[in-house]
Amino acid sequence: MSKLNPVPRARSRRDELIQALVDREIGFHQLPRDLSADEAGEIRRAALEELSGTSLAKTGSYVLDASRVACRNCENFIGAVQIPLGIVGPILVRGEAIDGEVYAPLATSEAALVASTNRGCAAIRRAGGATVRVEDVGMTRAPVFRTSGIEETRRFLAWLEAHTEEVRRITESTSEYLKLLDIRPYTFGATVYLRFRFTSGDAMGMNMATIACDRAVREYIEPEAGVECVALSGNYCVDKKPAAINFQEGRGKRVFAEVVLPRVVLERTLKTNAKALLEVQYRKNLLGSIAAGSAGFNAHFANVLAAFFIATGQDLAHVVEGSMGVTCVEERPDGAVYASVFLPAVPVGVVGGGTQLDTQREALALLGVEIDPERPGMAVRRLAEILGATVLAGELSLLSAFTSDDLARAHERLGRGEVPPTGPELEIKS
Amino acid sequence: MSKLNPVPRARSRRDELIQALVDREIGFHQLPRDLSADEAGEIRRAALEELSGTSLAKTGSYVLDASRVACRNCENFIGAVQIPLGIVGPILVRGEAIDGEVYAPLATSEAALVASTNRGCAAIRRAGGATVRVEDVGMTRAPVFRTSGIEETRRFLAWLEAHTEEVRRITESTSEYLKLLDIRPYTFGATVYLRFRFTSGDAMGMNMATIACDRAVREYIEPEAGVECVALSGNYCVDKKPAAINFQEGRGKRVFAEVVLPRVVLERTLKTNAKALLEVQYRKNLLGSIAAGSAGFNAHFANVLAAFFIATGQDLAHVVEGSMGVTCVEERPDGAVYASVFLPAVPVGVVGGGTQLDTQREALALLGVEIDPERPGMAVRRLAEILGATVLAGELSLLSAFTSDDLARAHERLGRGEVPPTGPELEIKS
Amino acid sequence: MSKLNPVPRARSRRDELIQALVDREIGFHQLPRDLSADEAGEIRRAALEELSGTSLAKTGSYVLDASRVACRNCENFIGAVQIPLGIVGPILVRGEAIDGEVYAPLATSEAALVASTNRGCAAIRRAGGATVRVEDVGMTRAPVFRTSGIEETRRFLAWLEAHTEEVRRITESTSEYLKLLDIRPYTFGATVYLRFRFTSGDAMGMNMATIACDRAVREYIEPEAGVECVALSGNYCVDKKPAAINFQEGRGKRVFAEVVLPRVVLERTLKTNAKALLEVQYRKNLLGSIAAGSAGFNAHFANVLAAFFIATGQDLAHVVEGSMGVTCVEERPDGAVYASVFLPAVPVGVVGGGTQLDTQREALALLGVEIDPERPGMAVRRLAEILGATVLAGELSLLSAFTSDDLARAHERLGRGEVPPTGPELEIKS
Amino acid sequence: MSKLNPVPRARSRRDELIQALVDREIGFHQLPRDLSADEAGEIRRAALEELSGTSLAKTGSYVLDASRVACRNCENFIGAVQIPLGIVGPILVRGEAIDGEVYAPLATSEAALVASTNRGCAAIRRAGGATVRVEDVGMTRAPVFRTSGIEETRRFLAWLEAHTEEVRRITESTSEYLKLLDIRPYTFGATVYLRFRFTSGDAMGMNMATIACDRAVREYIEPEAGVECVALSGNYCVDKKPAAINFQEGRGKRVFAEVVLPRVVLERTLKTNAKALLEVQYRKNLLGSIAAGSAGFNAHFANVLAAFFIATGQDLAHVVEGSMGVTCVEERPDGAVYASVFLPAVPVGVVGGGTQLDTQREALALLGVEIDPERPGMAVRRLAEILGATVLAGELSLLSAFTSDDLARAHERLGRGEVPPTGPELEIKS
């Protein structure tokens, strides 16, 4: 080989692959394996640009570690989407894994969300902090089995009860962090659901639970009990769908946060008062959600959750479960109110999945989330406690905004860019 | 200070602001307005880095237009989160706004999602395409009012009926794209909800609806009808919460997609067969969701929706509504199956909000989404049709994966990075 | 045969039939048609007595008109069940079909229910009466059709819209009292539901609606639109099952009742006060039902409904729909409270079905329910208004009982018969 | 006083009391205690007849034991309502408490219900009987408590866990038949629900559970734990309201029944076939109830339950819970189908309440229900097993009727009395 024209030769192979993609001779997942993830991504972008006549230049300007991402997070990798990140806080969290102030990053494109939540953080701070507790309900996965009917179902459940320890041994052997809490059966007709529930250390645990169930089902339950598994997930888990089972039993973390807001904080920080706040809570969060047939008796859990989830690398589809839950606001003496949020099912983790991505790791570090090998589960507990307080902040500010009529006006000005991005007046917008 | 060294002076001002943030003399939203958004973001990052002892370098490496973003999308801007983007397709969409093939970008950190959906796209393509229809139900906002009881409620509703045209005129005057479809009242006790429903051209329409309701309520309904509005959103809208009203009435777009898969496509592309697929559908999507008390009778709408929403700049909290809906799989002659997805409430837009962000605009352009001033609403319809077909692809592939037991194994290998990111075998993973 | 011995001959035929039943030579529905209903019932009882070795003497002691009942209400007639009837009131009803006092009969075997409701009636009376309004939403029936998919569904719905008047003509031709209000379609996949909604004069209307739909479907829709009806009821009606559609859209009558209770009535009649009542309402009817995932945000609508339904000959399975709904209790000045009940779906009638039975007719007459041919629907409206006020009375008394801890004690004493059935102290039991 | 005219004197006192009632000098609950229940009822009827100008003669013609009823079941007693009773069967029940044939009484005024269910019984009989199993989930009652927030709630739950045995002792001391199974807490904000679950022998158990909770709460939990009980029932029980908690956890009895119907039974007895039945099941019971947002995935559980409940003296408002549940129909080889019913929450009893009434006792005796002191709970299990099989019979017949289009026609003819009450053709009506 001469050195005379190495670039054309290199370009030539690249160009050939691009052309092959454009001509549909190969699929986007069929690029040669010796290409680096960055190279493969660039070739895919180039082909897409040619196919569509549009530019993907900004998509290609990423800081992610493509070689890792393309293996572990996203096949047919072509780059990255960027979502704006804002900061709120400090928020004062009185929890078990954190007892102090912290700044929380929120990734969103919804104008006013950061400013409004920030105001809620100020209110909580001035009220002495939010008490937060997180219950590690555990991650669930529920394979579904077919039997011949009532009698075989009964025998199967009796067998399972007699062999739970063996099932525990097998499932727990798939990960050192997995602990089987229990197996909840639900049956009717010729169908049996077994809802396995595991704690999973600092991981969200969904894939760990799936792998553990797979092992137990394929290697032990099916051959030994002689009952066929129809699907490893039978929707009684249930993942990423609103559901009563998760409201009743919880899934992932159950999060409780509360604060008592004195009259002065209501008036000065939230520009409201107990009476007005109570009425919004009553006619909107309680009666309104009743009217709507909703399982979300809150103002906007999902907004804050989504922004927090994106920032910290959570599975975004889990916003679905997180949108369920109940905000309470109750009168207390001297013009104060008690306010609380309850989120029955929040699947979160601080290892694996999106939490390993480069920008997301920075967000986790900013929150002080660090794995402690001696205390598995404490890092994710810290995350969930901060989340709980931030959701509470979001509720307080939005509910207050309704009482002072400024929701629409804030959206109107912020959304249209008429308000500068900084300045004290933002604190009262939401 | 002498003029000799202006850079230190500039640095000095930056450092002073950083110190002021660190010392809590000012809040993060209180930086001087003459700073550019990039500068303000850098100062905030520096302060946070000092406060937390961690780096935000990658968060600061963004391609977004900070000056725009900081005004319109995200207060207290500090940078961007990056989420991996993969490509699936081409998927063959037989809709009203698109009748042809398209590649769809999915942003996710969940291993196997892109590969699996890509396999579903192949199946749809080989089956002749997915028929998709989108109904523009309209965006809703429901202010809540307090009356003195049944009789005042009746008078109020009668007044409203007599003055609907005036309300229409006022709401529609707030945007040239807003059309009021109807107002659905729901009342009990001393509470009245008015669920306004608007079409909003190519915008998702939520803020437009809020602004329009605010105008009508504050300037006309409250003063003229003499009934007090308690909150501009009374949760009968209902936004970002799972709810029966949205399942029944729809919200945003109602999306229908379907395909008939011949036996050969089931066998070769999806590695399954009609009988196995029907049983998974029956015991998981139907009976399993019944057992769980879920409103999502599907395998994983939310996964595909979330990935599609991130890629295209949608409001991510709207994944909540999008997780509701029904997948059907029915037997057809000669070993074929009919498969369909139904999403009753999908709020999406192609202007405003996150759709204006730089990387998201590239994704929209890649999908061929272009506003046509002559045909408002057609661009978003194209987006929703592609979304519907992609969700269907995701369902087909995951349901098939259950029948061949490879869900857990795919997660096991992909999630742990044991499988290279390219190569034909990916097509059968999910 | 001689005439000497006619009784043995008659007995002989009777005995033969009894023996044939006992020997299973004929079924209970196969007795000769020339027997009167009383005779057939007696023969069935005799056979059952022989088969089971138990007496059915009291079952045979009925005042019902067997010849009518056996034809129209109950096949294989063997007699009657008797349920105790008590009286409450007078209750002061401020409605559109009744504006005055009335005594209401309640049939129940649950100790304390009549006494407690009676106390609620006294409270309402002393507070100046309950305002009640009834909305005639109409009775529904929703046949389900199968299409080949999205496109045929669209064509079918378009056809229907173009031919609604013909459908109206046919359905309304089946009864002079039936008016078609609208047809609400709901579709996904290859399935179409058409929810027909009718007013039906003073009848509950279910059978009328079924007959009308049958006619329209069989004679017109199927042959003309070429779409097959799978079942005349597709459960989107939906009858006798708790369901969001009925909560949202109503079914039968939507009932609203309210009263403002001054402090003195709270204290003297209900032995409670505003603060205590508000807290029970909040933690039980609102938060408790939220926790339970219930569609019944009330204390015990179903108890009063069931007792009222039995007394007045309603279809008892309709208690299911009637159990849904919302009780509100709100603070008013000077220690008063506003209390309301809302029942979204109450199917009731005053002609046909059980309302024609002898004892039930007496109850209807006692309530002043009389058909006025000039004003169809007014008689049933009167019934529904009285029902609404009585349900409100039941709520007030039970909620108050919780505040004074006497629920369990009342049950303990009344249920065990330790309290005489009369005497003023009963008024405070519930 | 002379003996000359005792009747006028007796009449005189009676007349005076009637007049006092009519004049509202006394209330209907204020008659002198020395009157017998029959006399008091007669006086009330006379007063009502005068007040309303209508007759209550048939209401006064009862066989109930008024002295007992007026004490234990129904205050302000005025007589009885009579409901027609029909007989179905024999139905072949393969359960644990009954393994054989039985005739079941159904009380109803809905034409065709008895005939149709009877046909279902024939189908089950010819198919070899219905397998039925009943799980005694237990009766529940959930008092609601107020705390100061998260921390006091935690302390309270920890206290309870440490003192469960004492609570058990107290609750179980209130009845020899009551066994405390567990206490399920549910908490958020400042509210705590404790859902006590008891078995209660052959009684339905609701009042027993209430009394036991009252004792434990008032005498032990409140004073010892220092937490205030707001209401003895906090709606997390939840009684007589449709609710997810009961679907998930059960309440009373959980009933499972199933049968495999060979092709010949489908064709000859039910006039249908597997394919048609499967489609009705699919589009009506599954998809239709999904569309309706219903928790009742069945055709008409509530109809059969209501008729069975009236006949056997159950609390009729419990039809609400009983309407929830799932019917399954699945294909089996050779044109057979597997059919099952699942009722998650059926509160029933055979002692106490309405089961002691005279006609209802006859129905229980006919069903062979007899208390066995050695085996508490077996009598009610027998009842629940027969109920399960009868509900299954009702489902089979109605679903089949839809496939042969005869529902409306049956109603049309039977409801209008055009069909004689006996004769073999009835078997195919429903």
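First chain written, first letter: the chains are A, B, C and D, and each begins at residue 1.
In this section, a residue touches a chain if its C-beta (ideal position, glycine included) is under 8 Å from a C-beta of that chain, and two chains touch if they have at least 3 such contacts.
Please read all numbers here as calculations on a predicted model, not as lab measurements.
More C-beta pairs touch across one of A-D and A-C than the other; that pair is A-D. Centres computed as Cα averages put subunit A at a distance of 46 Å from subunit C. With each centre defined as the average position of its C-alpha atoms, the distance from subunit A to subunit B rounds to 15 Å. Residues of subunit B found to touch two or more other chains are 186, 188-189, 191, 244-245, 247-248, 287, 293, 295, 326, 328. Chain contact topology: the protein chains form a complete graph, every chain touching every other one.
The part of subunit D that touches subunit A in the complex is made up of residues 131-133, 149-151, 154, 186-191, 244-245, 247-249, 256, 258, 260, 293, 325-326, 328, 330, 338, 340, 342.
Taken together, the subunit B residues at the contact with subunit D in this complex read 244, 247-248, 286-287, 290, 293, 295, 297, 326, 328.
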